[in-house]
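Next, two complexes with chain A in common: one pairs it with chain B, the other with chain C.
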Partner chain A sequence: MAEPKKLICMKCNKELELKKTDFSYLGHTFFTEVPACPLCKQVYISEELVKGRISEVEMQLEDK
Partner chain B sequence: MEDSGMQFGEQMSSMETMSREPSQILNSTWSICPVCMQRLPAERVKKGSEIFLEKTCSEHGFFSTLIWRGHDDFNEWIGSADEGDLGLTACPGACGLCSDHLQKTCCTVLNITSRCNLDCRFCFASSGGGSPDPGLDEIREIIIRLVEKDKTLLQLSGGEPTLRDDLPMIIKIAKEAGAKYVQLNTNGIRLGEEAAYAGQLKKAGLSFVFMQFDGTDDEIYRKLRGRELFGIKRKAIENCSSVGLGVTLAPTLVRDVNMHNIGGIIRFALSHSPAVRGIHFQPATFTGRAPGIPSNNDRITLDELVWEICKQSNGLIKADDLLPSACDHPLCGFHGDFIASGGKLIPLLKRGETGKQDCCSPPSDHKEKATQCCSPVSAAEKNREFIARRWLRPGVKGIHGASVKDSEPGENSAAGNSAPDNADPGNAGEADIRDMSVFLDRVKSHGFTITAMAFQDAGNLDFSRLRHCSFHVYEKGNFIPFCSYYLKGWKQ
Partner chain C sequence: MAYNDLVADCLQNEPAFCTAVCPFNFDVRDFVHKLQQGRFNIAFKTYRQCVGFPGIVIALCEEPCAQACILKDKGGSVSLKLLEKASMDFARDTSPDQYNMPAKDKRIAVIGGGISGLACALRLAAKKYQVTVFEKSASIGGHLHELLPSEVFMDDIRSQFIHEQYTLRLNTEIVSLDELDFDAVYVATGKGGNAFGLSPSADGAFASTKDGVFLGGSLTGSDTMHAIADGLNASNAIETWLKIGMMNHPVTEGGTRLMPEAVRPGESPVISPANGSSYTKAEAVEEAKRCLRCSCDACVRYSPLLGYFQKFPKRITEEVQVTIQPSSLDGNATLATRLISTCDHCGLCKEVCPKDIDTGEFLLQSHKTMREKGAMPWAFHEFFLRDMAFSNTEAALCKPPPGKAEVTYAFFPGCQLGASDPQYVMHSYRFLLRHFPGTAMMLNCCGAPAEWAGDGAIHAEVIEKIRANWNRLGQPLLIFACASCKLMFGKHLPEIKGEFLYTIMARKGFEAASRFDEVTASVFDPCSSRHETEVQQGVRELALKAGFTLEALPLEKNLAGCCSYGGQTAIAHPPYAANAVKQRISQNDKPYIAYCSNCRDIFTAAGKPSWHILDILFGLGSETRPRPGVSERRNNRLELKQMLLNEFWKEEKTMEKPQERLLVTVELKEKLNKAWMPEQDILSVIENCENSMSKLLDPEKGTFSGHGTVGNMTYWVEYRPLQNGLFELVNAYCHRMKIEEV
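Right, the complex of A and B next:
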């Protein structure tokens, strides 16, 4: 299996590390691990996560 | 029924109220005379904390029907749902639907028999007649005409549809015609009596079961249905669960019969999650077969029902967890969306938070209510998907009768997100529900709805409500709003 690609923070030039991160939507807060810069703390949200679990959580929480 | 001045209980009781309380007209609407069914202008009138729908027929006099008891703020509840000049509409005579109707079909009811194996005190359909059932070929033609491929939610109803031995075939026909979901409206007797029956229906393509369930005490069934049924209802749930068929409980609420048992029904349903997917409360409506003309005291209003649910659930459910209908008129129902966990309910919706997902308000001239102005999805469609999302029991194998345990690990896993092994499906337990993956697993497996629908009768029929109806009976090529289809004058 191929090694996962390294992600580098453009601003700090540091390798991103997985960090438990909170996401809030419509009064609810959830967490999952996402790559984050250890220095500036900015996080990288992949398209896969956005179109996958985040989108699913939004759909489950939205009113009919 | 005696032809005396006392027969119109609502009229008399409200006149007594009138003498004590100053009146305030809140808004105007249209209704009918409950006796001759002539169209009449009507007003929603506040007297003290209570609100009445009032109308005067030149021939049959003044009628005042209680529609709100004042446990909740009426204006906040209905929001901006009322619109247009209802005097210009042709309600209810043109129902079928006409160009003035504001909502598409969310759920289509198809009555496949008028026969019934019960003789209930309340039955909007007056079931139990001896009319012959339509043949299978006729049913097939009807289904093909009414189904919109990959959209239709078809509710097979009656009468008691399980009296037809060809029900599995009818379900199969509906699925083959493209119905996205097929729902069975049943008293559950056959599902409880025949162990293999639920499997046959599931195999034919049935999506979920909507089961008459009036309480957790046989005295309730004796009074409402004429016989003890609690045991058979439990067996029906068990049989459906064994094949992964979700069951939503549908209590008909009658004051002095089962209003006191609302908390008991909630606790029973919750203890049977995920087999039981939710409860759909239906305050008794006075149409079809009903014991006489109702007094205002007989009326169970939506705000009263919310209040009783909160009180009797001992804090499991709070009023803010239950939101007015956004698909139908707010006076037609409410809904709450939860996750069942360890005998508790985690609310997913909160009043005040709803609507925040909208990017802007729908345009005022929009004929059909949109939920998001930039989204092509109609409110009826969104409502349909909400129902299916929660009432379908996902990921359960065992269609052909294999037993499925509620506690089977990972049974409800989706998109590869299995709940942790230490997560007891009856209780989120040590698994943290705030973990996005745990939440997604749990909401799919143990989603739980508390919903209500307040049907209308000749006393409280309100055109403003009727125009928003998304629950339609299909007959002779027409989609007819449920309450207009079953509407019956009180002297007829």
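Right, the complex of A and C next:
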């Protein structure tokens, strides 16, 4: 997997770090590690993650 | 009749016409299917299993199937007897199956060693019952001696009994049943034979008036073929008696409710054997392929949904019912959720069903139930509901006629016509005002997206608003440009009457702006015009008058198929929608003339040249004009409203078009269209990121990224702020999963 790109939170002027983040869809919740601001917790979800795992799980839950 | 009763009455499993008249109820569809694949061995096994004595049956069957065959007058009935013979000739192994079962202690007497008694004995012996056949003469075979050389039928009898044991008592006449000590008796003493004072009972198949005694064969009036079938079937009735002590084994009902008009059409000349008497392998396969394997499958052949899933109404109903009322342990196994959302509600399933089974309406109601339970994924319809809300607020307009004319009509162009091209509506309204100066304007959505989404509350709100506007305008007659709108009005606002713009134009003898004398095209009727014969005719008249030569499509008028827009299935089931479009545009190689802007737009996007009839009449877009994307469609609606207000009501109003502040490359626009992401929504997310400073800097690229929700959807934007409040959009994508931010 490619090295996560460097991103700076403009609110806190902090570099994003990997952090456990919760997601929910259709009454189900799960978590994964994504880059987030260590102070304000603002997250970043890459397009790669959206088109890959996220979209896969979305479809599985819709067809569950 | 209630839907469930109708489905119970479905003809899907009705026997083919040939099977219905066959003494053995032979499953010809199955047999022929095997032959069509050249599987002679398994085909023969199927045949032997059904008729018991294949050699005798082939020799003596009088082929009632040939009289019943649907191809009788269409090239000749399928030569079933020759096919049966071919299956025997080319089977790898014609010996009967050997069943390794434990011997049973029940004893059965068969009185009469004719073919009916032997058939019964064969089946019971194969199940390892202890069978004794009593024959008063010196040989078995009964009346077959009068019909066939004895070596023919004796060979067959010997072959079929090769693995079975039974006791044969020749020269033994039974005078009274009292002399027998058996658990069951099958009396098959032949025509005019001894019935021991018993008569058939109505209690069950082959039952006599005495418990444990069964009657069949020529004794009860059966001909040779039925006599064999009696023996085979009586074995089942006898087994019921032996197992549960009941004489009520069900009588097999013959006949079929299959209707010739619901069967796949076909016509082909019969294949005659080159040698005059029997088929070669190749001839047999060719003849088998002529067979239509008659069944009632019109819904699966015609309906895009049933065809795509290859499921009949019964199966769909079962799957939907367990989805609505799940019985799984966690209570949320929703097997058919996507299927329910895939129906385009074109009505074709009901149109072609000889029993009027309306699977589409059932799915619509099921969708509603799922939505009410909160069990339908919001993502399937949210875009369309938001789009409808846009049409009914920012882009909506309800105005009395310009000037002081008294209201007589109101033009209801619908939300999609102007979204495709605002000029469609502008030109149409000018035309209408020329002929009917009292024409008001009702520009909004008819509520179809809410109905398709199963959202009763939103739908009711839209309908009430339309009703209020109509009342406010003085209850005018409506002029529709979209067949779906008219259909929705008929269903939910039946008090509002109206007709089609195109019918009026045809009636007024409208001259098209340009000529198309050398062009052959096909009129593509929208599915919602299925029962609107007047507009179907009107559009054809207009096209012919413009010089077109028209070529009829295989599916047109009452058989029109949906372009894929109906039901708005494109988000819930993209492969289905793509497949539906492909089917529609592959009907011929001629350009289409549509009178639904969705049909036109979808077809041109898929590469099929298509005009809207208004393109032809007013000289507007070409048959290859690209389909406007999701952002452009919103923009067009705003522009239309502005143009209408400016031109007809002299209200100088400039509608704000937010996406003009967004710079997007053509490639990115295409990507946003495919993801159903309007630029207006993207801009609002960017602005929110800017105002809240909730944005992330990519120092390498110098771009900002941020996210925001649009409805339930999470949008991600990557952008560069430019001068004057403009933004360059670098990328955007979205997901359905919600980020649970702390």
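Definition applied: the second predicted complex is superposed on the first by the 58 of 64 C-alpha atoms of A that agree within 3 Å, B and C clash if a C-alpha of one lies under 4 Å from a C-alpha of the other, contacts with A are read in each partner's own complex, and residues count from 1 in each chain.
Methods note: a residue touches a chain if its C-beta (ideal position, glycine included) is under 8 Å from a C-beta of that chain, and two chains touch if they have at least 3 such contacts.
These numbers come from a predicted model, not from an experiment.
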Exercise. Which of the two partners, first being chain B and second being chain C, lies in contact with A:S24: first, second, both, or neither?
Worked result: second
Exercise. If you count the residues of chain A that each partner touches, which comes out higher, chain B or chain C?
Worked result: C
Exercise. In the superposed arrangement, which partner chain does A:K64 touch: chain B (first), chain C (second), both, or neither?
Worked result: both
Problem set entry | Partner chain(s) touched by A:T32 [first = chain B, second = chain C, both, neither] | first
For this session: Name the contact category of A:L7: first (chain B only), second (chain C only), both, or neither.
Result: second
For this session: Check the residue A:I45 against both partner chains and state whether it touches chain B (first), chain C (second), both, or neither.
Result: second
Seminar exercise, completed: Residue overlap on chain A between the chain B interface and the chain C interface 23, 26-27, 29, 54, 57-58, 61-64
Problem set entry | Residue ranges of chain A in contact with chain B within the complex | 23, 26-32, 52-54, 56-58, 60-64
Seminar exercise, completed: Interface with chain C, chain A side, in the complex: residues 5-11, 16, 21-27, 29, 37, 40-45, 47, 50-51, 54-55, 57-58, 61-64
Exercise. Mind pulling up the chain C residues that touch chain A in the complex?
Worked result: 332-334, 337-338, 377, 379-380, 692-700, 704-705, 707, 714, 716, 731, 733-742
Exercise. Residues of chain B touching chain A in their complex?
Worked result: 323, 326-327, 335, 337, 348-350, 353-357, 379, 382-383, 385-387, 389, 415, 417, 434-437, 439-440, 443-444, 447
